[in-house]
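Following are the structures in question.
Paired with chain B in one complex and with chain C in the other, chain A is shared by the two complexes that follow.
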Partner chain A sequence: MPVKVLPAVSKAQNGVGAFVLQCKRLEFNYCDAAGSSRGMKCSDRLFLKHCLPQFAKQNPAIEMHVAPRPSKHPIIRGVYINGREKVICVRNLEHNQVLKKAELLRNSSGLQLRKLRNPVQSINDSVRGIFSPFHGPKHAL
Partner chain B sequence: MRPLTRLLLRRSIRPTPLRVSPVQIACFHATPTSRYASEKSGLTQRLRQKIWGGNAPGPEDPYTTAEETKQVEEVDMAGYVAAEDGRGLPIIGLPEKLGEWALDTYSPSEKVVDTEALHRALHRAVVETVVLQVNGRELDSSFGYYTPKDAETLTDNVELSVQEDGSVQIAFPQPEAEEAILSSLQEVIPETPAEDETVTTEEVAASDIAPTDAATAEAEPVETAPEATPVSLGPPPAYLENPTHLSIPLPSSSFTFALYKRILQLTGHQIPDGVLTRARTVGDLVPSLIAPPKPKKLSEELEPLLADLPNVRLFEKKRVGLDKETELGRARKVDPKETYRYKGIDPDTGFIGERPYSGKVNDNFY
Partner chain C sequence: MTLKRLRPLLRLRPVAPPSQRLLIRSVATTTSISTEPPVRTTPPPCRTPSLSAKLPALHSRLSLHPAYPIETLARALVHSSADADHRFNNHTLATLGDSLLQYLVSEHILTKFPRLPTAIHQAAIDAYAGHEALDHLGRNTWGIEVAYAPVAEVDAGLLQLKRLPPGEAPGLTPDSGVTVEYAMASAVRAIIGGIYLHEGGLPAVRQFTRLHILSRKLDVEKMFLIKKPTLELSRLCAREGFESPVARLHAETGRLSSHAVFVVGVYSGKNLLGEGHGGSLQEARTRAAVNALKAWYLYSPLEKDLPSKTLEDPKVEFKPAFIDAGEVII
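Now for the complex of A and B:
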C-alpha cells in the first residue's frame, strides 16, 4: 500500500502568506491648554500639524483619531485586532519623539508585554526531540 | 501685712516718677491706708491730671455730673399721619435736585459691548480728562451726575500723543474745539417735576400757546460757548488704527479716578481697584474693558489639513465612553423627554405614564 500522507493543516503565520497589520487604530489625545502637550501641538514643530498627515498617508490601513482630552497629559492609544489596547503617555516629548512612539505602537501587536526567556521562537517541533533520561547512550563512570 | 510695711515695700520697688504708669498709681492708691486717701481731689481727677497734664478733654467727672438737659421743642402733633413707607419723605444728604425717588443710575443700565464703541468712549474720556486738567479744572468734582453723555462728541478728531520727555501733547482740529469740549462737560440739571405740578390750568394753557417765549426767556441769561461742528461717526477715526492715547501716563490718583468716572459714565464698565492702583498708562485699563479674543482651538487649525485624509477623524470635543459605545451600536443616546410621558398619579395604581416606544399605559417605574 502506498504511504499515506499524514493530514496536516497549514499553520497560519502572519506574513508568510499574507500580512495582517495588528494595529487597527491610533488615537491621539492632547490638551489645548496644558504645557505637556507642547510637542503634540505647539507652534513651530507640531506633530499633529506636520508629522501626522505624512504618517497617516504612509499608513492608510490604520485609522487615526485626533481628539482633545482637556486637563490631561497627551497620550497615544493603539487599538489592536485582538481587542487589546496599548497606551503611551507622551507628556513633555518633542514632535520627533512623539513620532517614534507612534511608530512603536504601529509596529506592535496587541499581545501583552512579556519577558522573552528563549531567543528562539518557533512553532515547529524540535528536530532532535525533547530530552528524555531513559533514551540515549548509557553513561559509564 | 501691716499697712506701714506694705507702704514701705511699695516705696522700695516703686520706679522713678517718670516711668510710673497710671495702672501702677491706681494699685498704689487702691488701699484705704495709702497716703493719698486724705486728699480732696478724686481719683478720676488725679488720673486725668497724670494722663493729660491739665488739658483733659470732656467733662471733669463724667460719671456723676449730669449733662445739661436740652430743651425739646414741643411740636404740634395735630394732623400728623405716620408714613408707611419712604415715598414722599424728604431726603437728606443729596444735592437739591436729586431729592427724588426715581433716580437714574450714574452709569448706563446697559453696558457697551461693541469693541469700536468702547475704544471711542475710552478716547473721549481721556481727551475730556486731559482737557480738564490742562485748563486747571478740579478733577475731583468733574463728571458729575448730570454731565452729558450724548453719542455725538467733539473729541473724535482730537489727537493725543506722548512726547519723548514724557509730556502729553494735545492737538485740536479747530481752535474752538477746546472751549466747546469744556462747555459740553457742564452739568445740565433737568427741571424737577414738582415745579410742573404746581402750574395751574390757566398757566398751562398760556404756556402751550406761547412755549417759545418761555424757552427763550430762560435761555437768554445763559452764556453759550461758540459751538464747534460736531463730528459724526462716519469713517473710523485715526486713533483706532494708531492708538497713541493708550500710552498717555496717569500722573495722579485724582486723574485716574476722574478718568475712571467718565469711563463708567460712558460705558457702564467697572474697573477693579487693584487695576486702577496698579495702572501706569491708559493702556493698562483696556483689558478690564475689552476682553481679549478667546484663543483658537487646535481642532480649528487642524481641520483644513486633515480633511483630505480618509483615515483620519478629527473631533472637536472630548470623546467619552458613551461616544465609543454609540459608534459600536451598543448604546444609544436617549433623550430624557422620550423616556416616558407623565400623565398623573392614580391614588390606587400609583404613577401613570406612557413609554413612547412601547405605548404601555400605567407603566409603574418603581
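Now for the complex of A and C:
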C-alpha cells in the first residue's frame, strides 16, 4: 500500500469547545496561635468562616482543603492540572486581601510566569502561508 | 476458508503446558460475567464516594448534568484490574462509552474528509479516541489523579487500578495489572458511557464529544507518508479520467549554485493539481505530486451533515454524506 501513516495524537485546546478550570485544589493553612493568621482565622471577620464557604460555592470545580499548620505563617497553596503548585504566604493580611490572593490562584493556569515576546501564540499554521519570492507579481528594478 | 482446510491448522496448534492451561482456565472464569461474584484476592476499593471531595469537583469541572450521580462517576474511576466484580468496576460503562466514541469520531472524520485512505482514517480515529489521546485528556485536561494502590481507604475520586509491574508486558486479562494510560483511557470512556445512561442518551454524548474530544487539534495533513507519489498520482488521474499529470517548472533560481531552488507545478491538461519547491528538480517534482495527492485526499465538502442527527430525530432534514470511490491501489 503506497500511503503509510505517521501516527499522531490530537492536542488539547482548552477553551475551544469546553473550558476546564486549571486550578483543581486550593489548600488553606493557618495557625491557631500566631498573630499572622489573624485575617485568615482569628479576627471577628474570619476568612475561613465567612468568606471561604461562599468562595467554595462559587467555585465548585475546585477542591478546598483547610488544615492547621502550627507555628507557621498562613499560606494558600494552589494545585493545578498540569501538576504544578503555587504557594502564596498570606501573613498579616486581612480577610479581603486573603480572598484576593485566593482568586489570584484560582485564575492562574498553573504555568510558570514567563515573558511573552510574541503577542500571538498559536498551534495552527499561518493562514497566509510562508512568504515566497517566486510567487506574485514580478518586481521591476 | 472451509472447516476442512481449517482442521490441519487446528491440529497444529501447540498444546499449552499444564501451568498455562490452568491460567487459561482461570482467565475464562474471571472474564465471563457470572452471577456469582469472583473470589477476591485484594480488599475492595473505596465504595464511599460521598466522602470524596474530588468527585464533586471533577463533576463540576466536566460540567456534567446534576442527573449524573456521583456514584456513577466513582464507578467510572474503578478499573477492572482493581476490582474484578463487574457490578462495581467500569468495564461495562467503558465498553458502552468506547462504542459511542468510536462511532461519533469516525462519523465526524468520514464526513469531514470523505476521501481519506482507510489507514489514515483509522489513525485519525485513534488520534482522537485512542488510548493515548484519552489518557492525555483524562490526565492533562480533566486532571484525574491516580491512586497508588486500590486499597479500601483510598479516596474514591482517584483512578483505581492495579499497576503493571515494571518490565512486564500487559496480559490478556487485567489480573496481572494494566498501565496507567490504559486505565485512564477506560475511565474517560466510562464517564462518557455514564453520560449516555444518565443525561438522556445520544444527544448529550454528541454534545460532550464535540466539546471535549472533537475540539482537540489534529493535523490530518501531517499523517501522510506517501512512498511513491508520482506513480500514485498518475494512477489516480488514470482512474478518474483526467489527463496524465505533467510536471512543469514554475520558477527557479541559482541552478548552478549550491543553493538552487526550483518551484514545480504538476498539471493535468491545463489544471494545476499541486505545486512544490525543492533544492533539485526531482525533489520539487516529488513535493508537487505529494501536494496534489494531499489536495485530493483531504477534500472536505462545504456542507457536512452528520448521520447521527437522524438517530435523534428521524424526521429531520438530512443531506447524505459524500461517498468516495476510495484510495488508489498500486
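Convention: the second predicted complex is superposed on the first by the 113 of 141 C-alpha atoms of A that agree within 3 Å, B and C clash if a C-alpha of one lies under 4 Å from a C-alpha of the other, contacts with A are read in each partner's own complex, and residues count from 1 in each chain.
The criterion applied here is as follows: a contact is a pair of C-beta atoms (placed from the backbone, for glycine too) under 8 Å apart; a residue touches a chain by one contact, two chains touch by 3 or more.
Here the structure is a predicted model, which means the values were calculated and not measured.
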*Return the chain, chain B or chain C, that is in touch with more residues of chain A.*
C
*Could you look at A:104 and tell me whether it touches chain B, chain C, both or neither (first, second, both, neither)?*
neither
_Looking at A:32 after the superposition, I want to know if it touches chain B, chain C, both of them or none. Which is it: first, second, both, neither?_
first
*Of the partners chain B and chain C, which touch A:48 in the superposed model: first, second, both, neither?*
first
*Which superposed partner A:20 touches (first chain B, second chain C, both, neither)*: second
*Would you sort A:64 into first (chain B), second (chain C), both or neither based on which partner it touches?*
both
*Should A:87 be classified as contacting the first partner (chain B), the second (chain C), both, or neither?*
neither
*Under the contact definition given at the top, report the residues of chain A touching chain B in one complex and chain C in the other.*
60-65
*Of all residues in chain A, those that touch chain C in their complex*: 1-14, 16-18, 20-22, 24-25, 60-65, 81-82, 123-125, 132, 134-135
*In the complex with chain B, residue positions of chain A that touch it*: 30, 32, 41, 48-49, 52-53, 56-57, 59-70
*Which chain C residues qualify as touching chain A in the complex?*
53-54, 56-57, 60-63, 117, 119-120, 122-123, 126-128, 130, 132-133, 136-137, 140-143, 210-219, 222-228, 231-232, 250-251, 253, 261, 263, 277, 297, 327-330
*Which residues, counting only chain B, touch chain A once they are in their complex?*
295, 297-299, 301-302, 305-306, 309-319
